[in-house]
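Following are the structures in question.
Two complexes are shown next, each including chain A; its partner changes from chain B in the first to chain C in the second.
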Partner chain A sequence: MTAAAAPAESPPRKVGGARPARIVIGVIGAVVVAWAAANVFLALAYYPEWFFDNRLLMAVIGMIAGVGGAALLFYFVNVFIEGLPQRFSEGVIPYVFVFPSFFLLGLVLVYPTVQTINYSFASNDSTAYVGFDNYVAIFGSGEFWLSLTNNALWLIVVPAVTVVVGLVVALFADRLSAQGEKVAKSFIFLPMAISFVAASTIWAIQIYSPNPDIGLLNSIVTSLGGDAQNWIRVDTLRLNSFLMMVILIWMQAGFAMILLSGGIKGVPEETLEAARMDGANEVQVFFRVIVPQIKGTMITVFITVTILVLKVFDIIYVLTNGQASTNVIANLFFQELFTFQRAGRASAIVVVLLILVTPILIYQVRHYRKEAAR
Partner chain B sequence: MTATAQVSRAKPKRQPSYMKDGRPRSWTSIIVTVLLAILWSIPTLGLLINSLRSRDDIVTSGWWTVVADPFGQGWTWDNYVGVFTGAADMGVGFLNTVVVAVPATILPIMFAAFAAYAFTFLNFRFKETLFVIIVGVMVVPIQVAFQPMLNLLGPNGIGISGEFVATWLLHTGFGMPLCVYTLRNYMSTLPYSVVESAKIDGASHYQTFWLLVAPMAMPAIAAFATLQFLWVWNDLLIAKLFLAPSNATVIVQLQQLLGTQGQGEELLSAGAFFSMALPILVFFFLQRFFVRGLTSGSVKG
Partner chain C sequence: MATVTYDHASRIYPGTERPAVDALNLEVEDGEFLVLVGPSGCGKSTSLRMLAGLEDVNSGRILIGDRDVTDVQPKDRDIAMVFQNYALYPHMSVADNMGFALKIAGKPKAEIRQRVEEAAKILDLSEYLDRKPKALSGGQRQRVAMGRAIVRQPQVFLMDEPLSNLDAKLRVQTRTQIASLQRRLGVTTVYVTHDQTEALTMGDRICVLKDGVLQQVGTPRDMYDTPQNVFVAGFIGSPAMNLGSFKVADGKANLGGAHIPLTRTTLDAITDEDKGEITLGFRPEATHLVSEGTEASFGIRVNLVEELGSDAFVYGEMLDKEASEHISSGAGDAQVIVRVEPRNPPMKGDTVYIQIEDGQKHLFSSATGQRLPE
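On to the complex of A and B.
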């Protein structure tokens, strides 16, 4: 924010000419700022004692170095660009603004993607290429197919149910008074703020506990004359997987509701009135008038939840760590990488995950292109 | 008096009552939503109740017994005390999580806002291609990053793994595509004439960005910040893999507590609720922004 006032006194520029002083100041400033910020961050990592081992102080310095460093860096780069002849500066500035973002993206997402594909063809300590051995190994393992099947189950159930639940809540809440709608939505929405770990804890103790005295589900079952179960371990018909899906649906329903509610409110009242005039009942109005108009939102919700489900990890990791036939791809990856220390196979599993998200990626890009063309 | 009472009692039978905005009051909707709201709150409510009961009560009876016998319970703060004095001091964990989450929320905005400005108000070659990359990268699962980044940031690389800096870097990178996307979407609704007239007045793009566009984009920035804060706070994987045990976040501590079943079981509810407290506060106070963040850029890989 402080930098905002600084450039105000820049002299009226001679249009078109180069100004060497600015170019020099800009380059030197940018290099110094980048160097200083990088060193502050490294010092935070290497020498915590310089900061008295005080975490809050380190966070504050980290933020100042990051935000201030970025502001100053952009400032000096701007000085440099203004020093350039104008026909260059107009062309260069967009790339300068975009570069830091893409540098970071490249560092933490693009480079690792390439490297992971690379590792997937290498041995477990990534020292020698082993061809397709890792893929042969994972495709030959029962656990991998089990995980894939479980992911498929999650994919079939969770996105669809989440959309339906969200739609039901949105529809009914829409008919409440404005105040009532707000309150009701808050209740459904709250689990979105909870971490997967805390949510799993909640359900594991309060609801699925094997002890009928403290687990709600067992309490209900035993009071109806049934036997208490250790629900999370019951893999008959993959019951435990379904019980874990409930947790995710519980968490995501609020998200679906918010988006769909927005969609429903966007449906013009006249179209509903017209349908009712023509004698349509409420069910017909819903399926023939509302649904077609909010289809786009429903697809968005569906896809977002689908992406989430493809990489579902925390719930399974925390509750069963993949035992009792509940393993999923993301957890299998974690086990291969850290429990078995097999980086090659772990990387191959991530590549499979990448292939699975590719259709969604293509859809997203197409969808964006279509929107942008409009 | 009696006459009016009779009239008002007789009325609802024939005519539906109306809400303030003139729509008929729908009792089915009220009943359904109330039921759903109760159903959705039961797990969290149970957690809150259990976190305040004594160890003996927790392991022998369900939280719902409180409803029938609210005063026969051993209400206590002991579990919360235990959370701060136990094997893992969650007070430190809380501080660690703040230290991870606040910079990891602000840093991506700093970089993404400039990029979003360029994507919205400037024309350049490969603009479309670069933005398509942003859209595509949003879907890439973060699991791709673990092995390569552990090597790069670990002892054989630049050696910052285990420190807060590593998580700031990763969260900044992972949050970047969504942030650019959200901010660009919002900025493209701002009037282009503002930027145009600033240019005519001789402002550089840097000035235009700081003085005009960034302040106007504040709602979108707040929306993304809320979303990113909750995401970073609730993250398990990155915190677990890239932070040394002394820097562990509350979420990692809770996961470890859950792993050591039996001993310390009574601390779980209190620990879980403690780890949720700040996100829930943020959620209630910034709900408006959170909702806007969700609706503007809902896809994150």
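On to the complex of A and C.
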């Protein structure tokens, strides 16, 4: 044969072969970096005096060790992979690089989920299995069914109303001058920046306070000749639940508005003009041309708010702590775990919540994939 | 079917001084194909959109038939428009796109389907009726946009550069298809384009606009043979007319070596404001080569020869350097374009002598730019 089949020992190595030196360097480097980084973090935790008890210095060193360690680790792992025979390394590279994130996700998401399911079959201090006792207990409790129906009510009302409010606001903001639109949008978006607890407190005091001198609602009612009420305790027709939904809608309308406004601006102006020339009035233009074109955005907003509603907790916790027929699943779980110290039942409630959320999550993932494919 | 009348119609965009369309007076006959043509920013699209009702008319009136539609909503004008980017409804199938106007008008389903199928047959779209616009080629989308207009059986068709998004070959094909379709349907059509070839080939009459002002209306032959001013002379025809600023002396127009005799009528029409100058134009195809020294001929140094098979065009400049500064053509300042016999073209660097054919020169006042009598 010709020069192409040079002896394996000659300096220009055959392309694609294994390189043992790189494999060794890679493995040793990765292990040393991991060991060193781990030691730095342990030192930060156990011997703060080594760092003169200076928190700033510790933070800087921690950041350097963390970011630099990760970078070095990936570097050595890469050296190791490149040392492998080529047909091997090309297949292995993606897995090696996504492994750390999968590992962390598993640690903080999958493991707790599995443990929660596990604990839902265990006793209140999670020391012995009790079979389905926890499930029997929660499904037999009126409070649980009350929470479920409340959650259902929230689910029916809040996402739909949020989308509608967001859409209306986006449409009207769109008609304002450029400056007016900016100001209006900023104001409507502002509640998004407030924490749930703060927003709930504001509403509890400023709006719903039983004292007509403080609460806006009561001051309106009394000025119209009515009697002041403790609104948040009025559970006729679950009125208090609806009043609390208003808070969430108020907070989420800005988010909905921003997304939907972007969607509306993405609708080509010509299609609206074409529809007008085709004889459509403004209402028909909106429902037959604009809405179908922003359907994807509307579903995205709807799903996002739906998931938020399933997790709703802070508002109820702050305003009533679940009293006066306002309890929801998240708050019930909190009470079971921390107030009544019943980890088993709390876990069972969470598992029920998980089962309820799963179909929505599956739908959401499918929807996003479809959007991405377009 | 109806006539269209612009009666001193003006459009001034908010925040601008100069009208985009300035007191446009124009009558379109019943069943006529009228082309609005001009460079970008000349107000041709604005004129069309005023007729569509998509732009306000700030002064003057617009009539369709005998009906004053100046303040009528687009949806009530009974006109159909083909947009430059087609403006198809992306969420509807081809059939739904075409039938949208009829659906809005509340026509029975069977009639809608029948009319859509008829239009689809005419436009060769029958097999695509169930597709979404996304799944169509550019030419098919263009035909759907046409179909959407003809299904309506409106009084007037408006077309806003409907061919500009097609490739060159398809544009030529579609050009003839649209023109023959319009002849067959006999619907009054107003067509906007920036391409003078499209205007010449499609229009019954052409209307040239510049800076919002009507320059000339006439048949393609009128526009080519007797342009009323320098702008129309330079705009209509391809390659564009050669236009030079000549000195008037001894009853002749003189520039460099060129001395072209003028008639008594022309000389009488020259005013003091022209400062002894006249703008003389000749089309590249209105010349022939002569031997040196022939009366009223002048020499040109050949810079480039463009051979197209059926024709050959010589790009050159006048022998007299200073004189050549005063002449321009479609190829730019100081350039003269001349059509020559394609079998035996001159070479680059040659000097050729040309004579303008009898009755083929165009004379314009150098002060006003208006055509002078001969």
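Here, the second predicted complex is superposed on the first by the 320 of 374 C-alpha atoms of A that agree within 3 Å, B and C clash if a C-alpha of one lies under 4 Å from a C-alpha of the other, contacts with A are read in each partner's own complex, and residues count from 1 in each chain.
Please note the rule applied: contacts are C-beta pairs under 8 Å (C-beta built on N, C-alpha and C of every residue); 3 or more make two chains touch, one makes a residue touch a chain.
Remember, it's a predicted structure, so these values are computed and weren't measured experimentally.
Q: Could you tell me whether chain B and chain C fit or clash when both sit on chain A in the superposition?
A: Once chain A is superposed (C-alpha atoms), there is room for both chain B and chain C without a clash.
Q: Which partner does A:289 contact after superposing on A: first (chain B), second (chain C), both, neither?
A: A:289 sits against chain C, while chain B stays out of touch.
Q: Check whether chain B or chain C contacts more residues of chain A in the superposed model.
A: B
Q: After the two structures are laid over each other on chain A, how near do the C-alpha atoms of chain B and chain C get, in Å?
A: Here the least C-alpha separation of chain B and chain C stands at 5 Å.
Q: Sort out for me which residues of chain B touch chain A in the complex.
A: It is residues 19-21, 23, 25-26, 28-30, 32-34, 36-37, 40-44, 46-47, 50, 58-64, 95-96, 98-99, 102-103, 106-107, 110-112, 114-115, 117-119, 122-124, 127-128, 130-149, 151, 158-160, 163-166, 168-170, 172-174, 176-177, 180, 202, 204-207, 210-211, 230, 233-237, 247, 251, 254-255, 258, 268-269, 271-273, 275-276, 279-280, 282-284, 287, 290-291, 294-295, 298-301 of chain B that touch chain A.
Q: Taking the touch rule as given, give the residues of chain A at its contact with chain C in the complex, in rising order.
A: Spelled out, the residues of chain A in touch with chain C are 268, 270-271, 273-281, 284, 288-289, 292-293, 295.
Q: So in the complex, which bits of chain A are touching chain B?
A: Of all residues in chain A, those touching chain B are 1, 3-4, 7-8, 10, 12-13, 41-42, 44-46, 48, 55-56, 58-59, 62-63, 66-67, 70-71, 74-75, 78, 82, 91, 93-95, 97-98, 100-102, 104-105, 107-113, 115-116, 119, 126, 168-169, 172-173, 175-178, 180, 183-184, 186-207, 211, 213-216, 219, 250, 253, 255, 258-259, 262, 300-301, 303-304, 307, 310-311, 313-314, 317-318, 330, 333, 337, 343, 346-347, 350, 353-354, 357, 360-361, 364-365, 368-369, 372.
Q: Where on chain C does chain A make contact in their complex?
A: Within the complex, chain C touches chain A at residues 52-54, 73-77, 79-81, 83, 85, 87-92, 100-101, 104-105, 148, 152.
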